[in-house]
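So, here's a batch of structures to check.
Both complexes below contain chain A, partnered by chain B and then by chain C.
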Partner chain A sequence: MTPSAAAAASPWWPVALAVDVPAGVAVPASLDGDDVVVWRTAKGELRIFADRCPHRGMRLSFGFVRDETLVCLYHGWRWRADGGCALIPAHPDLAPPPSLCVPSYPAAEADGLIWMAATIPGRPPPAMTGCTPLASLVVDRPAAVIAAAIAAAWGAMDGVCARLAEGDVVLRMAIQPVHAERTMLHVLLAEGDPLVAIGVAEAWRDRFEAAEPVP
Partner chain B sequence: MGEAFGAFVEARLARLGLAGSVQAGASSAWVDVSGPAPLVDMLEVACLLGPIESLVDGVELISMAEASNLQKPEP
Partner chain C sequence: MSLPLEPAVRDDWHVLCRLADLAAHVPAGFRLLAHDVWATRDAKGAVSVRSADGRALPVTLAYGHVFTSLGAPARPLFAIDEVAEPDRRLATCGAVRVRASGLRLVENFLDMAHFPFVHTDILGVEERPEVPRYDTEIRWDVDEVWATNCRFWQPLAAASSRGGQMSEYRYRVASPFNVMLYKTAPPDPARFDVIGLSIRAAEPDLSFAYAFLLLLDDATPATTLIHFQQTIFLQDRIILENQRPRLLPLSPKAETPTRADMSSVAYRRWLKAKGVRFGVFEAAP
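Moving on to the complex of A and B:
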C-alpha cells in the first residue's frame, strides 16, 4: 500500500510514541517531508505545529516550553497552545495581533501513540488497545517498500498499521513516512517478553532496510 | 520588484495584522501601512529582505502626514 492509499484508509498518521513527548517537552518530527514540532505544555496538553517560527523561520523544535507556551530559541517569541503569539520579548508592551500565529495540525493520543492529521478527521485514530509502546525504529527505505514487504510477510496492512506474530511475540506497528527515502516504525508490544520483542522488531527493521524496491 | 514583491508584502501585512496596501512596479514599490510602531518596523525589515525574486536597495519611511503632500512614484 502506498502512503496515499494508507491516507485514504486512515486520515491519521503516527508521529511519535507518547512516552517520548512528556509534559514540557518539544520534539521534531516529519511526515512526508513536512517538518512539525510535537510538544506538550507544562500541564500536558498535546500540540503539533509547523516546525517554523513565523518570525524568521527558526525551527520551533529547537525552542523550549515555558508554562503553557512554546518559546522560539532565536528571538524568544512565545507561542500559545492555540498557535497564537503570546509575547514578543523585544516589545513587551505590544499585544501581538491574532493574525500572528503558527500553523497547527490536529493531534491525538491513543494507546501510547501520538497521531497527526492534515485536516480534522471525522474519526479517532486507529486503536492499539492493550498494547505497550516499545520503540520507534528508523528505516532508510520508502514507506511504500516497507508496506509491500509487510504485506508479503504478514498479510495486508490495516491502514497504516500492521500486526506480526513470531514465536511467543505479537507486535503491532504503525508506519510513519518521514520523507521519500525514510520511514519510522512505531512498535508496540501486544504479547510476549519486551526484550525478546525488541530483538524481533530490530530483525524486521534490518529486513525492511534490505527489501527490494517496489517494481 | 514586480508581482513577487507585491505578493510578499501583502502576505506580511496579513501576518502582522497591519492595515495597508502595496503598489509594486518593476523598479520601485509604494507601501501604505498603519498600525503599532513595532509591527510597522517589522514590516520595514521584511521589505528590506524582500522575496527571493527581488533585490531591495533600500527602504525609505515617510510618515502619513508627509506622504499626503507627496506624489507617489509611478511604480
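Moving on to the complex of A and C:
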C-alpha cells in the first residue's frame, strides 16, 4: 500500500514519539512537506500548529513555551492552545483581534506516539497497545519506496503501520512521509530486548536507504 | 541563465564588497543579482568592475565599500552628509552571509519590536517591549522611505554605552537594498550615530550584508565596535534564515502587520510601486 492509499484508510499520520515532546517544549516536524510545530503547554496539553507565525513568517518551532502559550522568538507574540493570539508585546494595551490565529491541526496521542491529521477524523489513531516507543529514525528515501520494501519483506502494511518479527524481537513501525525524499520511521518495541531491537531497527533503516526505486 | 532584471533593481547602486577586500591587480569574482561580476583594484586604489560578458560597469567608492550597478543609475549613490564631519569614525564590519531575501534583511533592520526578544539585554529588555507610535513616510521626491520619531528603551545601545538610554532612531531606506539608521550617540546625546546596511543580493534568497558605522565614539577600539555589530547581526541571522517564505511577500494579506510595523508596511508598498521583483515572493498562479 502506498502512503497516499494508506491515507484513505486512516487519516492519521505519526509525527513524533510522545516522549520527545514533554510539557513546555516545542519541536518541529514535517508531513509531506508541510512544516508544523508539535508542542505542549506547561500543563501538558498537546497541540500541532502550522510552523509559521502569521505576523512575519518566523518558524514557531524556534519559539518557546511560556505557561499555556507558545511564544514566537522574533517579536514575542503569544499564541494560546486554541490558536488565538494572547499578546502582542509591542502593544501591551492592544487586545489582539479574535480573527488573529495560527492554523492548527487535529492532534492525538496514543500508545507513546503523537499523531496528526489534516482534517478532523471520525476515529482514533491506530493502536499500538502494549508497545514501548524506542526511537525515530530518518531515512533519506521516499515513503513509497519504503512502503514497497516493507511489503516485500514483512507482508502488507496496516495503513501506515508495519509489524516485524526477527529472532526474539518484535517491532512495530509507523511511517511518516517527511517530504518527497525523506521518511521518518517511528519504531516501537512489542517484544524483546530494547538494545537488540534498536540494532534490528537500524539495520532495517540501512536496508531501506539502499532500497531500489519503485518501478 | 539569468532572469531579466526590473529597472528599479537593475539601475540601482548595489554594494559589491569592502574596498579593503580587494588586493591590487587580483580580480575578484562576486555574485550580484544572479549575475557574475569581476572587480579589480589598481595600485592607486582605483576600482573597475566588469560583467561576465566584459562590459564595464559603473563604480562608486564610498563608506569603505565598492558600489556598482548592472544598469545605468539615474542618480548618484545615496549621500550621507555626516561622513564629512571631522569627528566621525568609519568602521566597516565585513560580509555576513544570510540564506534569505535581501528585502527581508532590510525589513529586519527597520524593526524595533524584536529588540527585547532577539537582542535581549542589549538593544531591548523583555520588561519594556512597547513600541511607541512613530511616523512613516514615502518621500516620493527623493524616492526614499523614512521612519522618524522612533523611540525605544535600550540597556546597551552601543559598544560605548555605560547604561540604559531611551534611544531615538530615524530610519532611512535610500534604495531597496540600502538602508541606514540615525541613532542617539551615547557620547553626545544631541547628535546621531549613523549605521548603514547595504545588501548584496546574490540570489533572490541569498544575501551578503555589509554594515558600516559612522560614529562619534573615538574611544572604543574598532575591533570592539565591529564585534558589537557582529553579535547583533548573528542574532538576527537565526531569525532571517527561518522566516517562511524566504522571499518577501508584498501582498497585504500574506502576513499580519501591527502598528509597530508601519515602516515595514510602507517599505512593501514602496517596493510594489517601484516594481521590485528580485527577492519578492510571488504566489504560484
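Methods note: the second predicted complex is superposed on the first by the 215 of 215 C-alpha atoms of A that agree within 3 Å, B and C clash if a C-alpha of one lies under 4 Å from a C-alpha of the other, contacts with A are read in each partner's own complex, and residues count from 1 in each chain.
What we mean here is this: a contact is a pair of C-beta atoms (placed from the backbone, for glycine too) under 8 Å apart; a residue touches a chain by one contact, two chains touch by 3 or more.
Nothing here was measured: the structure is a model prediction, and the numbers come from that model.
Chemist: Evaluate whether chain B and chain C can sit on chain A together after superposition, giving fit or clash.
Modeler: clash
Chemist: Scan A:P92 for contacts with chain B and chain C and give back first, second, both or neither.
Modeler: After superposition on chain A, A:P92 lies in contact with chain C alone.
Chemist: Using the superposition described at the top, determine whether chain B or chain C touches more residues of chain A.
Modeler: Larger number of chain A residues touched: C.
Chemist: Using the superposition on chain A described above, determine whether A:P103 touches chain B (first), chain C (second), both, or neither.
Modeler: neither
Chemist: Taking the superposition as given, does A:G199 touch the first partner, chain B, the second, chain C, both, or neither?
Modeler: Touch partners of A:G199: none, neither chain B nor chain C.
Chemist: Just checking: does A:P54 make contact with chain B only, chain C only, both, or neither of them? Give me first, second, both or neither.
Modeler: Touch status of A:P54: both partners.
Chemist: Which holds for A:G76: it touches chain B only (first), chain C only (second), both, or neither?
Modeler: The answer is second: A:G76 touches chain C but not chain B.
Chemist: Looking at A:F62 after the superposition, I want to know if it touches chain B, chain C, both of them or none. Which is it: first, second, both, neither?
Modeler: second
Chemist: So which positions on chain A get touched by both chain B and chain C?
Modeler: 54, 88, 90-91, 94, 100
Chemist: Going by the contact rule set out above, which residues of chain A touch chain C in the complex?
Modeler: 35, 51-52, 54-59, 62, 72-76, 88-92, 94, 100
Chemist: Considering the complex alone, what residue numbers of chain B touch chain A?
Modeler: Within the complex, chain B touches chain A at residues 14-18, 36, 38-39.
Chemist: Which of the residues in chain C come into contact with chain A in the complex?
Modeler: 107, 111-114, 116-118, 126, 129-131, 238-239, 242-245, 249, 255-261
Chemist: Which positions of chain A touch chain B when the two form their complex?
Modeler: On the chain A side, the touching residues are 54, 88, 90-91, 94, 97-100.
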